[in-house]
Structure formats: C-alpha cells, structure tokens
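Look at the two complexes coming up: chain A is in both, with chain B in one and chain C in the other.
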Partner chain A sequence: MTTTILQVENLVVEFKVNQDRVRAVDDVSLELRAGELVGLVGESGSGKSTLAYAMMNLLPRQGRLVSGKIALATVGDISRWSEPDMSRVRGNRISMVFQATQSTFNPIRTLESQFKLLFRAHGINVQEGLIKARRLLQRTQLDPQRILTSYPHQLSGGMRQRVGIVFAMVLEPDVILLDEPTTALDVLSQRVVLDLIRDLRSQTDAAMLFITHDFSVVSNLSQRIGVMYAGKLVELAPTERLYRFPQHPYTALLTRAVPSISQKHTELVGIPGQPPHLSDLPPGCRFSPRCPYVQERCRERTPPWSKISADQGVACFRWSELGEELANV
Partner chain B sequence: MIWRRVGLALVMIWMTVTATFFIVRLMPGNPATFELHVLLKRGVSYNMALQHVKTLYGINLHQSLLVQYLQYVGNALHGNFGDSILYPDIPVIHLIGKALPWTVFTVGTALLTSFLIGVSLGTVAAYRRHGWLDRLLTPLAAILNGVPNYLTGTILLFVFGVVLGWLPQNGPYSAAITPNVSLAFLISVLRHAILPIGAYVISQWGSWFLLMKSSTVSTLGTEFIVGARSYGIASSVVMREYVAPNSMLPLFTNLVLSIGFMFGGSVFVETIFSYPGIGYLFSSSVSGRDYPLMQGLFAVLTVAVIISNLVADLLYVKLDPRISLEDAA
Partner chain C sequence: MSDVILEAVNISKRYQQRRRPPIWAVRSVDLALNSGQTIAVVGESGSGKSTLGRIIAGVLPFDEGTLAISGHRLSQVDAKLSRGLRRSVQLIHQDPFAALNPAHTVGNILRFPLNAMGIKSADRVRERVQDLLSSVGLTPPNRYVNQYPYQLSGGQRQRVVLARALAVNPKVLVADEAVSMIDVSMRQNILGIMKQLQVDYGLGIVFITHDLALARNFAQRGQTIVMYAGSIIECGSTEQVIQEPLHPYTAMLRDAVPDPDPTKAMGTLVPISSETPDLTWTREGCRFAPRCPFAVTLCVSSTPSLTSYTGEHSVACHRASLGVSWAMESEKKVT
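Moving on, here comes the complex of A and B:
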C-alpha cells in the first residue's frame, strides 16, 4: 500500500448567497496517495470544483471554509493557513490546472517571464527552472522556444492548456488538482491533453485529482473515482469496481447514463428529476427524491459514510442489500 | 503601417488648420471694425478713421480670402503665424513660446499629481471594496469630478487668496522679483502655481480614481489573477506584476490624450488667476479679435491633440501585445 499524500477530512465549505448560507461542500473526506490519479465526477453544482478551490485556499470572496482538515503529508494541515503562507505551498506542494475557458496567464507578459516569476516566487534558480520547463514543454509536444517567447493569446486553447499543465507540474508538487482540464477543448486537443496527463502520471509520484462531469474522460486514467452529488461525496471506489459494482444508486444510474463503446446496443437511461438546489435541500439523503430505492429512513436521516474497504466507501443506508441489484441496472 | 498612421495625423492637422482659418473669419466683428467704431465714437470722420485703421493693421483689402489662406498655410509651415494684433509687432509664435512653459508646468504637474493620486487611491478602493475608504472616496470623487475647474479655482482663490491670504492671487511670480535662477524666484513661482494646480487636481483626480477603481475591480475578477495565486505568486507581486499593469492599460490612453487636451482646459483657470499661459492668451486673443494669435493657438492645440493621439496609439501597441497597429488604425 502506497503512502497517503493528501488527507481531506470532513471538509465543509459554505457560500453566502443573498444573506443565505449555502453548503457547496458538505462533510467530504478524501485521501490521495502517491502516484495515484483519482477522478472526481459529478454534475455541475455538485461541489467538485469548489472542493478543489477550497483545497487551494482559493475560494472566491463569498465562499468560506467552515470546518475540516486539508493535510499534506509534507507540511501538515493547510486548511487554516494565511495567504502569505499558502503562497509558499501553492505551486510547489499543491497546484492546480484550470478549465481552459479563460487563460490563467497574464495577457501582457511572455510565458518566459511568467515562468521566471514562478521560479522567483519559490526561490528557485531561474536558469535551472527554465531548463526543466523546456524539458517538460518538449514532452508535451510543444516547441519550447516558440512557447516561451509567445504571449498567451498567440497560443491555441489546447496549447495553453498544455502549458498550464507544465506550469502546475514544473515545481514537482505533491498534489495536482485538475479542474475540468479538457472540458473547454475540442475533441482533438482533449485527446492530446489526456495523453499528456497519462504520460506525466506514469512518471511522477504526485497524486492527481481529476475533476470532470464526464465519466468517460477520466475512467481510462484513474485508479479510483469519487462521485459527488449536491455537495456530498456519495461514493468512492476503484474505477473498475465502481463501474461493475456500484454501491450507490446515483452512481449506478449515472454510469448507465454514459454511452459506452463496448456495449453497443444498450439503451441510455437518464435519471428522472433534477438535482436539488443547494439552498433548498431535501431532508435526509439528498438523492432521496430521485432515488428508485428510497425508503422512509432515507428521507429522515442523512446516511453516514460507510467504509467498505481501504479504498472504497459509500454514503447509502442500503448499500449492502442493494449491491447485487445495482450491478445489474 | 506606422507611416500610414503618421500620414493620417498630418492630414488631420491640415484639415483642422484649414477649418480654423475659415471658422475664425466667420465670427461676427473684426478688429478693424472694432477700432473703426472706437474712432467713429470719438468723432473722427469715416474716411479718416478707415485710413487710420488701414495703416494701423496693414490690412490689404484687395486680397481675397483664398490668397490670405494660401499665405497663411505657407507661413504656418515655417512656424510663422504672423504678428499679433493685440500685442503689436510681436510675432505670434513668440507669444505662444512665452506662454507655453507656464501651462506645461502647471497643467503637467496637475495631470501627473491627479493621475498618481487617482491611481493609488483607486487601487486601494478596489482592493478594499465597500471598506470605509471606498465608501468615502467614491461619492466624493464622483461629486468633485462633476465640479468644473473654474468653480474650484474661484473658491480656492477666494479662500486661500482673499480670506486667508496665504497664497498669492494672481500672476506667475511676485512682481517684486526679477526672473533669474534663484531660490527666491523659484519659491515665488511655486507659491503662485499652487492654487491653479490645486484647482486642476481637485477637479481631475476623481475621474482617474473612478477609472482606476473600476478597472482594478474587473482585473481582480479575472481568471489569471486566480491563476497567479495558484502558482504561489505572493499577493504583493500579483498586485505589482498582474493587477496594476493590466488595470492601468486603459487609463494610459486617457493619460496621453489628456496631455493633448490640457491647453484647452487651462482657459478658465488661467483667466481666474491671471496666469500667463496658453489659456490666458487664448481668452485675450478671442476677446481682442486677434486673428493671427487665435490661429496660432488653434494650430498649437490641434497639433498637440493629434500628436498625443498618435503617441497613444503607437505606445499602446508597445504596452499591450494583444493590440497591433492595424487594430489601432
């Protein structure tokens, strides 16, 4: 068993929305191990991106980390760290790749000067850093010289995203959070970026958290997959197990709602109903209004997290009795 | 590309110079008839008066407007705008040359001061939005921005010049001092410049403040600021390298353009303080029907505005890599 690099415990994030407080992430626990890629899947608004922003301490002004722990093996719990302290671990201990809709680069500086700024911020010799950056850029099939002398707007979205990944990796952080890194890209660029992530994953000890709304994007890359629903982590399991033997009704229905190349003539099944609005959550299990297996207790109490094994867990009262049924949905 | 832009500027200068020549002549009344009426009122006979006026101004009534225009343009190319009528026998260009430094000194200092005040306070207000400083300065800036500089000038003159008597009321320096390179002269010049500069600054800083605040607020909301923080760039560096340059970009155009407009804006303030700059010269040339002087001043004004436009365009291309000269033209 490999070492745990990041331990997220009982994380709660609240947002202030017109006087109201809304829990975007509610009591989520998750651990990442060295060299592992964990997929985090959920619909929009399920809190998966908020979880990543909270882990980076980059929540927007309205957001607040209410409680919980974010412990890095190397430096300890960073959940209460101040901004100056955080800026010392961001980038070189824990880093993030953003959705490519907007560039995360300064539009009026060349990429070389932005790399230099990154190295200086972490007290790294600029020349040595640039050598490493060039090597990584080469691995991404980009011409380092051209990239470094370019301004962000001179690159395509796919190129920018690959440079963004290099930025997040060049300081060899322990944890890399990838927030929908391929969502805004065309299919070909998606492919290139996914190949790059796969290639880099095999060569680094860093733990990666790949956030996406699309099972098919992450299932070929991940060792484990977590499923989020309305701010809660509802299931976490090794990828293969999650597909074959889902323990949570939502997971079962969600995986069956994704088209698959291998199973040709299966009919796609949607999940009836809409996910609840975070300011108007149902009592008890949040999936209960849409759940075909719902019981009285599901509507009254929130199901606790049941640890099935070291790398599997589920938040459902009926997981043990439903297991077989769900595998055949 | 750059030559096209320069050529365009030259054509614009020619057009305004031409328009000025004809528009000035459309104004009712002229210095000759004015003088004529003065003489007639004194009881001089009409023919005698006409003869007198002709010799006084050396007017050749046989020249057509077109010939006058061609002569004017030809001379203007050599920097010769003729002799002043109001100040007989002094070349217009000398009058302008003597007035220009005073205006450049006062208006230039005021522009720089209000820019610096506005930009720094605007940044603070944007960073601490809804803080006490923001709540105090934003309405104040909006109000002062709407108060014209002749009103603030009059109030300043009344309060500090008349009631308190702390500062001189008019002129560029004390009449008791002969201009030379001495500390006494320098102090006198500064003391005389304080009130005019104050009048400009009070009515100008607000617009820089409001512009900078809104520009900074929108920059702070951009993805690349979050990006920079996610790479571990310290807040102070983010502000210096990311927020400030990007927020100041749109203000920069305004700054360069204001240099062109500063002569026009000086008319009221310099008249109030009898400050011998371009604005003062302007108002006296208009009230005295001094065509050559007016034409010369208009030409200087036009050239200043058009050249500052040109400089703004060319510099912006240097400052913002996303803009090319094709866009600017």
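Moving on, here comes the complex of A and C:
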C-alpha cells in the first residue's frame, strides 16, 4: 500500500485581469503518493503551471488561492500558510524545478555558494549538505568539483537543468514539482535530463509532479497522468490506461495528435477550433465547442468528476458509452 | 518531370569575431528543392539550420557559394529581378507574435504585400484578402479582416502569417520551426493547411525543425537533411534517414525522441559528452568525433565529406561507409 504524500483538494486559483477575475485553476483535486511520478499534461492556459505555483505559494501578485486544500502528509494543509512559515517548508518539504534554467540560479554567485545559502536557510550543516550535493551531482554524470566552482553562465542549459534538479532534491523534500523541465532544451540534452529524473525517481520516496505540454515526454516516465483543459482536470489515469483507453475525448484527440518516431505512419489530425479564453468560457463542458462527441447536455451543464476506480477519474458525461470508440480514435 | 526552383551550392556563412577566429554558422552546404517537394532540415540549436533557412530565403547575405532561384543566380541579376525572385521564397518564422505588426489589422497586414504586387484597386484587394483568409482556414474571412493580432490566438496568427506569405504567389515556403510555439492540439491543423497549399500551388517547402518525429510526420514522402555544427552530415529520403540512420549523430537524435506510446522506451545510443560543437573549428577532423562513441583515429585526423551511400542516401562519416549498424555496435560495447 503506497502512502499519500500530498493531497490537493478542490483547489481554485483566480487571477485579476483588468477588472475581471478569471479562474486559472478550477476545482482541481489530485493526490501524489510516495515514490510516484505523475505527469500533468495540458496546453498553454490550461492551468497546469498555475497549479504548481499555487502549491509552492509562489503565485504572482494578481493571482489568489480562493479555496481548496494543499495537504502535505508531514505538515498538514499549507494552503493558508504565511510567507515566513512557507519559506521553512519550501525547498525542504516541497520544491520545484523551473523551465527557464537561466533564471533558476543567481548569476553572480558560484553554485557552491548557492548550495551553501540553501543549507544555511534551512539550518543544515553546510559540510554535510555539500557532501550530499556532491553525491547527487555524481549521478548527473557531471564533475561535482567543476560544477560547484562554476558560475551558472559557464554551464550549458542542459547542465544547469541537471544542477537545478539536484538543487530541488538535495534537502530530500516530500514533493518535487517539475515545471516543463526539458522544454527549453535540445533533444539530446532533454534525453539526459529525462534519464536523470528516471534514475533519481527510483532512488527516492519523494513524489514527483512532471508538468509538460508534450505527452510524449512523460509517457514512458510516469505511473499516472492527469490531463488539464481550460483550468479543469478532465482526466486522471494510470499512464498506459490513459493512452490505450482514454475516457475523455480531449485526451483521446490530444494523444493522437502527437507524431511518433517508431510507429507506422498515420495521418495525424489536430483538434478543430481552439482552447477558450479563460475570461470567455463556454457554458457547460469547456471542451464542448471543440468536441466531436458533444451532446445538448454538455453545452448546458458542467460534467461532474466521475471516479472510475481508485486510480482513475474523468469529467465527461459520456465516458461510459464512448470508451470503446475513443480507444480506436 | 520536376524542376528545381531553389538551388544552393556550397553555401558558407561566417560571423567575424574581434580577436577571435570567425564562427562558421554554415559550411559548404548544398541544397536543391523541386516544386511541390518537401525537405525537412533537422538539427539542434546552433546546428545552422535557421541560418541556412534565412540564407535561402534571401534575407541573409552569405560569404561563399551560389544561390539560384528558378534557375537565376541571385548574384548575376539586376535589382528588380532579384527582388521578384526573392519574393518567390517566403519565410515563416517561429514566433507568430513577433511576425505581425501589432498596430495593423489583419486586412491591412494582407493589403501591403498585395499593393507591392501591383494590386491596388480596393475591390481587387478585398477579393484577394477574402481568398487568402479562406485558403488558410480563417473563415468567415469578414470576421478576421478588422481584427488586430492581439485579438487572435497563436494558431490564428500563424495562419495570418501563412496568408501574408501566399499573397505574393510564392514558389517556396521556408518554415522555420513554424509550429513550435503553437499548442499541440492545433499544430496538425496548421501543418494540414501547409500541405494543402503545397498541393494547390505546387509549393516547395523547406521545413526546419529540431523535432525528428515532426520532420518524419511532415516530410514523410520528402527528403530530410541532418545538420551538425553548420554542415550537412546526412541526407536522403525521410524514411531512410530516420529508419536507417547512417550517421551515429542521427541515430542518437532518433534514439532520444520520446514516443507517445508509454511502452516504448527511448533507444540506447547516447553521445559520450554533452559538449556543444566548436563552431570556430577549421582544422581537419569530424566535428562530431569528440562526442562520438565510435570515433577512430581517422575521424580525428581527417574531415569526412558527404558521400553517397545508397542512391540518394548520403552521409559524412568515415565509419558509416563500412556499413555498420550503430545500435548493434553499441550493444557490443555494453556486453
């Protein structure tokens, strides 16, 4: 039995845009378990990164966590914590790896001095901390001594991202959020980073949430995948089930729109239309204007979250009748 | 009978640096494109693929070699003809946000190139604008004519960019990472439009991308060129290059592409170092050798040239000519 490490419940995040308030994350619930890597897939504006920033309590000033819970098994609900309290757990219990590797680190300090700052901020013996950092850096196939004495600009993007991952892991947090960690990297650097994440995943009990717009990147890496659309979590399932037997039409169409290098040629089709503006959401199901399987009720009411099993859920009225059809899209 | 509309021979581009040797962004590249043909150019950042794209689109001067459009050498024609020739090759940029003037409506953005083509009467312009918008799937056209770029999504903007390129009746599109910034769900729609335009107007397309799976998908019946450190290291039909790569670098790129199918792991070939190539390098030797697990003494001492392996399939690798399977070779190393 795997233990739940983090429980996000009915999370709502709003942004102030001009005079309006838009919901970037709308009633999202998600649970992360020990030693598990969950992929969170969605297009731009789907709310996947906002969810991570809310979990870190790093929302920009226009953003506000309106309601919901972010409960860590070790310290409880952190969603209402003040900044001083939060800074004690950030990095320590919950940490994050960012997409832009050039802004992860302070450009005018060596990496060793930045590791030292991190240890001091969390009251950890600096020498012991550095020993641990060196050990982790060794796993990245980089020379720890060279890395620690370098300034961030002396490393390539792929190297910086590997150090960023070590930085996020060195305090042994319960949860590591990876926000598009490979999107800014070249194919070969991406591969090295993915290999590193896979390797570290097997070494730790931490739960990882890997956020990406590219389904392929997490498909071979994750135990489960959640799919977000316009602020809503629309499906969550074990990875292979999600790929073979998608229950939500958006999941089915999205995973089939991605080209493959190994499979025989199939004519790929895009999804008609485009994602809605958060300030101008359609009534009912947010995917309904683009959905080929739409019915009257989809345009009128928001489909509730249906729990198919302990591991799987979907927000679609028609999931039980469409299942077979979607598997063959 | 296919006719060559774009031919680049032995093109090189150098960037001079102060007190340091020049950077060779592109080195001795040949490329020939027929009408209706698709050539994918793949490579990582710094490989020279975008520089090559801008050179063949006629917007970036080059240092060596010749560029001919529709059989005319650009360096040998007068300014007027040169303008017309360069107009027939249109560049589609990666960023549809930066490519459109935010101060103009879609109608205006499309009117300028039409005016430049000599279409001046308001009725004719209106008619052409409507046609152009319909042909890129922005229908009904009247809904978009008076909109500003900020009111459009990335996908819609890229369609406007395509429509603007079409306004001057081009023969060639150079698409430089044209869908990289577009959401996944809409990429195939944009690519579908490009393929349709290719059929309708016989366009030749140079499709520049870092994504091998996308190159395979878009140029499946065309050619693929793989670039490394400014040079072509492998080229041939897309299926040959991607299914039976001859250059270890191509094999590594392919092995590193994640697959949507969760049961498919990435391949086993990886470079021995993550160093990026030195673009100032002018001495002899294969520029990939420092990262190549299969490099032998010959690779360090002499530069391999692009040679035909089977028919159209060419490779610049000393060891490939021996006909080794890189995946098998790598297994031997492991065991």
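Rule of thumb we're sticking to: the second predicted complex is superposed on the first by the 325 of 329 C-alpha atoms of A that agree within 3 Å, B and C clash if a C-alpha of one lies under 4 Å from a C-alpha of the other, contacts with A are read in each partner's own complex, and residues count from 1 in each chain.
FYI, a contact is a pair of C-beta atoms (placed from the backbone, for glycine too) under 8 Å apart; a residue touches a chain by one contact, two chains touch by 3 or more.
Please read these numbers as outputs of a predicted model, since none were measured by experiment.
Annotation: superposed three-chain arrangement on chain A; chain B versus chain C shows no clash, the two fitting side by side. Once the two complexes are overlaid on the shared chain, A:Leu254 sits against chain C while remaining clear of chain B. When the two complexes are overlaid on their common chain A, residue A:Val187 makes contact with chain C while staying clear of chain B.
Shared-chain residue A:Met56: touches chain B; no touch with chain C. Of the two partner chains placed by superposition, only chain B is touched by A:Arg88; chain C is not. A simple residue count on chain A separates chain B from chain C, and the partner touching more is C. With the two structures brought together on chain A, the opening angle seen from the C-alpha centre of chain A toward chain B and chain C is 80°, to the nearest 10. In the superposed model, A:Val217 makes contact with chain C only, not with chain B. In the superposed model, A:Val269 lies in contact with chain C only, and not with chain B. Here chain B and chain C sit at a least CA-CA distance of 11 Å once the structures share a frame through chain A. Annotation: chain A has no residue touching chain B in one complex and chain C in the other.
By the touch criterion given at the top, residues 222-224, 226-235, 237, 241-242, 245-246, 249, 319-322 of chain B touch chain A in their complex. Looking at the complex, you find that chain A touches chain B at residues 56, 58, 83-84, 86-92, 95-96, 98, 101-110, 117-118, 121-122, 151, 153, 167-168. Here chain A touches chain C in the complex through residues 43-44, 156, 158-159, 186-192, 194, 213-217, 219-220, 222, 239-240, 243, 253-255, 257-263, 265, 268-272, 274-275, going by the rule given at the top. Taken together, the chain C residues at the contact with chain A in this complex read 44-45, 153-156, 183-192, 210-214, 216-217, 220, 242, 252-266, 270-271, 274, 276.
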